[in-house]
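Take a look at the structures listed below.
Each of the next two complexes has chain A plus one other chain: chain B in the first, chain C in the second.
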Partner chain A sequence: MTGPDEPAALHATELGFRYRARGEWALRECGFTVPRGRITALVGRNGAGKSTLLHLAGGLLRPAHGEIRVLGAAPGGGAARSRVALLTQDKPLYPRFTVADTLRMGGRLNASWDQPVAERVVREGGIALSARVGELSPGRRTRVALALALGKRPELLLLDEPLADLDPVVRGEIMATLMAEAAEREVSIVLSSHVLPDLEQTCDWVVLLRAGRVELSEDADALREGHALLTGHVEEEPTLREHTVVHRRTHGRQLTALVRPRGPVGGTWHVERPGLEEILLGHLQDGTRGAKGAAA
Partner chain B sequence: MKGTLWLAWRQQRALVACAVVVVLAAAALAAYFRAGMLDDLRSGLFDHCDPGPLYCTRAPDGLPQFLDVEPLRLLGALNLVLPVLVGVFWGAPLLGRDRELGTHQMVLSQGVGRAQWFASRFALAALGTAVLSGALALLFRWWWEPAVNRSYGVFWYEATALTGSGPSLVAAALFGLAVGTLAGLLTRRVLSAAAWTLLVTGAVAVLVQWTHRARLLVPPHRYVSDGWQPKEPMGDKWSTGHYGLITGSGRRDSAAECPFPSGRELRECMTGHGYVSRYYEANPAGDYWAFQWADTALLGGLALVLLLVTVLLLRRRV
Partner chain C sequence: MEGDVVEYRIDRQSGIPAYVQIVRQTEQALRMGVLRVGDKLPTAKEVVAATAINPNTVFRAYRDMEQAGLVRSRRGLGTFVTRSLARPGAEDDSPLRTEAAAWVARALAAGLERDDVLALVTAALDEHEHERSGRDDRGHEHHRQDENDPGDRGRKQEDA
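Right after this comes the complex of A and B.
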């Protein structure tokens, strides 16, 4: 499937970007690699730099510092353009075009175009080709935008919050379509989302951004195995000193801690294997430990 | 290139259709009214009129006599505001609409690059603008032809004729397009881009009219007549309104020193003050082309500069 010499889906070194208007760094010193063939969850709080990272990978922005490569090529260049599809957060489409026009545009603007796939994605949502894009519901518009991205037959699909402002039923449908297409063609997908439960089932790689820096870029199973959720008496806490405590929370005299153990854990703890959602949440909350942890 | 041209056409076809309708309507009106003008001239009513700026009068009551040139002036007025219209309705949405909707991100996520995307849409808009303005300028010229520089017609220096015809109209329209395009790129909103375009293109149009009146780019010619012999007639020249007297040493004084048109009083006044000749300043009718090329160079140059700025900013802004 993917050999070791094959270029990674995403590879960033020392990547930095700042928006002129705001002046502060939206991303800085980001270095990570996402292998091919993965479905990657790009996670982070608002303003962590998820959209910026995807725009950089899609070639819509240029790094202020460092470098990012997509499938071994520079984003926005001819080689990358035909192999990478990007769906931005607000899924912009021409409101006055019909769905058929929109797909025709995809055919005209791309060197390779799979009209049957694009039409199938649209038809699965029960959308008429003659409908005007501006008159579609947000869920259906997302589906048309997704059809445009999938019709391109990309090797790497970048999706920026594709499921935001959609109801759970539509979210499930769109995810199902996406996964079916991904499985059929071995597309690498990078997907940013706030909806952590949706990611648990689908993603096998995680990139976690915090305040413009990459904190995690790891295999999802390795993450699950590498973390432990410990519950025990507050007085047991000193036994955790040698391990990395990602997040801790006290409730009376009871302490719950998400830990990355470095070797066997001493003391008397009730040990659980955390889900991906708990791990990600723990990492996202990390740093607000003092105030929120005590209150919880 | 084909794909982006298709998209440009798909997005601009309504504007192209509008332009075609405008040209066809103007052509139909021009043909109708020009035929009427020719009929009037053939009727012999104007045969006694001298060329020159003095009104031609009707024999029975002495009232001034005109061809029906008001519709022609209306076309000239449309041509005067054409750069603003092109800038607001064609230039401002060219990048502004995509910037406002964010759709350029969708287009640039397909298989095309910025340069190609911009080149296609700007080329189509520029071609449309050039054809529209060129056709309207030629229509004006054709319609104007029986009435050029006649007392009963339209003189070359009227704003409607000087700005509303010729190659400078094409340059002005392209300038309007370039202003609108850059405004759309910078403001990210069609409406504010349109407002800026209206302001800038309107201001430049007023400035151009001012350079005409001030004869800034095409200096006037000084017509000198020795002594008190009659001055060369003004004819179809465009007077600056400066005229007066010249002394033996070459000093020029206001005509008010000797406010007499001719005859003994003038002669006595001039000898008394030591004036040896009289002068007036005006642009001859042939300067129509000097004004045209000056405006074409000015507005075309500005349009090129704006286009260059747009292209340079494109990479950073889109």
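Right after this comes the complex of A and C.
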């Protein structure tokens, strides 16, 4: 396990970025810490800044303001380059290469290349080494790109929507491969995804972006324990005043509210413990409240 | 000694935390005699490769069971069952099991559904417990648990 003094997987302070000098801020005032050894879900609606954040962490972009550190080092620098792998959404692979060529290229480009690991990841997907990358299905292309990233034996693996466009079976297989790698050696994983059900049992840390700001950066179990799903009569709503109501909806006389209780909740409510998916959905939906400070 | 004695199924819709599901399924397997003392549990890697859950979930479940004295992890070797939960009477061919099977068959033949059957059993258990607690009031508060206090034995080995 990791010691308390070990640098975090990700650490951002006052991080800001905009794509053009006078454009809108894609990210602003982001401050958060993701501890080592976590499997982190990076969630947010389209345009919330997930890809920007991953590109900054991978060293493909430079902050306009503040800074981000990966494993205690500057992204893209000598100390980080061999220890961090970033898989971008476009999964840059040479379509005319065979799978074997692709892995050979991985070996040339990376000092710490692990060919058996890369080959195993490819084989688990039933992909022939002689297959041409351009002729593979999207799921298999993702797997080859993942093999390239895992063959690097990174300490931090950044994945930008690795599950997009994949059917549920392939998503499950990709996640299983990732989890198995995480079980075998200490690797921190940060993955962005819209597929919330896939995150429920896999991620133990959550970073939630909302319009370019970090709204949550917390342990997943702490999130589950820190929220309550209340159902009751609308007249009971005043009892929620001292708590944080993340999301509420009414239906006739019935009120359903996702709440972060600040102490015991009064009133007559049916109380349920929400799943991670419900909590994330509640935070992602439009609400009237302003951005709250991140917890970490 | 293979780690393929049990296979865990994770129900993502149940709302029950995955580590609890692993503990319960292990206990169930121990009770039914599917798992026996000395058996090796699957490695965390095997479990997550089959279920796509977070490895820490498996570590946590195994740690909980180790603290409960059910299993013991041996560094580099794996996690092994150290205590059986099988009660005489729960095996496949026991008289109780045979009677239960016959009774269930009668209940189903009488038109009861699964939930009705379970409700009947629960009600009978409740009634029994109610009677017992009425009879020996404050008699049996101590549990068998502390016989050989499994709590901190083997707690040092952290790895699963």
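Note that the second predicted complex is superposed on the first by the 284 of 296 C-alpha atoms of A that agree within 3 Å, B and C clash if a C-alpha of one lies under 4 Å from a C-alpha of the other, contacts with A are read in each partner's own complex, and residues count from 1 in each chain.
In this section, a contact is a pair of C-beta atoms (placed from the backbone, for glycine too) under 8 Å apart; a residue touches a chain by one contact, two chains touch by 3 or more.
Since this is a predicted model, take the numbers as computed values, not measurements.
*Asks:* Quick one: chain B and chain C on chain A, clash or fit?
*Replies:* Pair status: fit.
*Asks:* Pick one for A:94: touches chain B only (first), chain C only (second), both, or neither.
*Replies:* In the superposed model, A:94 contacts chain B only, not chain C.
*Asks:* According to the contact criterion defined above, which of chain B and chain C contacts more residues of chain A?
*Replies:* Higher number of touched chain A residues: B.
*Asks:* Could you tell me if A:271 is touching chain B, chain C, both of them or neither one (first, second, both, neither)?
*Replies:* A:271 sits against neither chain B nor chain C.
*Asks:* When the two structures are overlaid on chain A, which partner does A:182 contact: first (chain B), second (chain C), both, or neither?
*Replies:* second
*Asks:* Quick one: is A:128 in contact with chain B, with chain C, with both, or with neither? Answer first, second, both or neither.
*Replies:* A:128 sits against neither chain B nor chain C.
*Asks:* If you've got the overlay open, could you tell me the nearest Cα approach between chain B and chain C in whole angstrom?
*Replies:* Superposed on chain A, the two chains' closest C-alpha atoms are separated by 25 Å.
*Asks:* So in the complex, the part of chain A that touches chain C is made up of which residues?
*Replies:* Going by the criterion above, the answer is residues 1, 39, 172-173, 175-177, 179-180, 182-184, 197, 200-204, 273, 275.
*Asks:* For the complex, give me every residue of chain B touching chain A.
*Replies:* Of all residues in chain B, those touching chain A are 2-4, 6-7, 10-11, 101-103, 105-113, 315.
*Asks:* Going by the contact rule set out above, which residues of chain A touch chain B in the complex?
*Replies:* 58-60, 62, 76, 78, 81-82, 85-88, 90-95, 97, 101, 105-106, 108-111, 145, 148-149, 152
*Asks:* Taking the complex as given, what residues does chain C use to touch chain A?
*Replies:* 10, 12, 15, 18, 43-45, 48-58, 158
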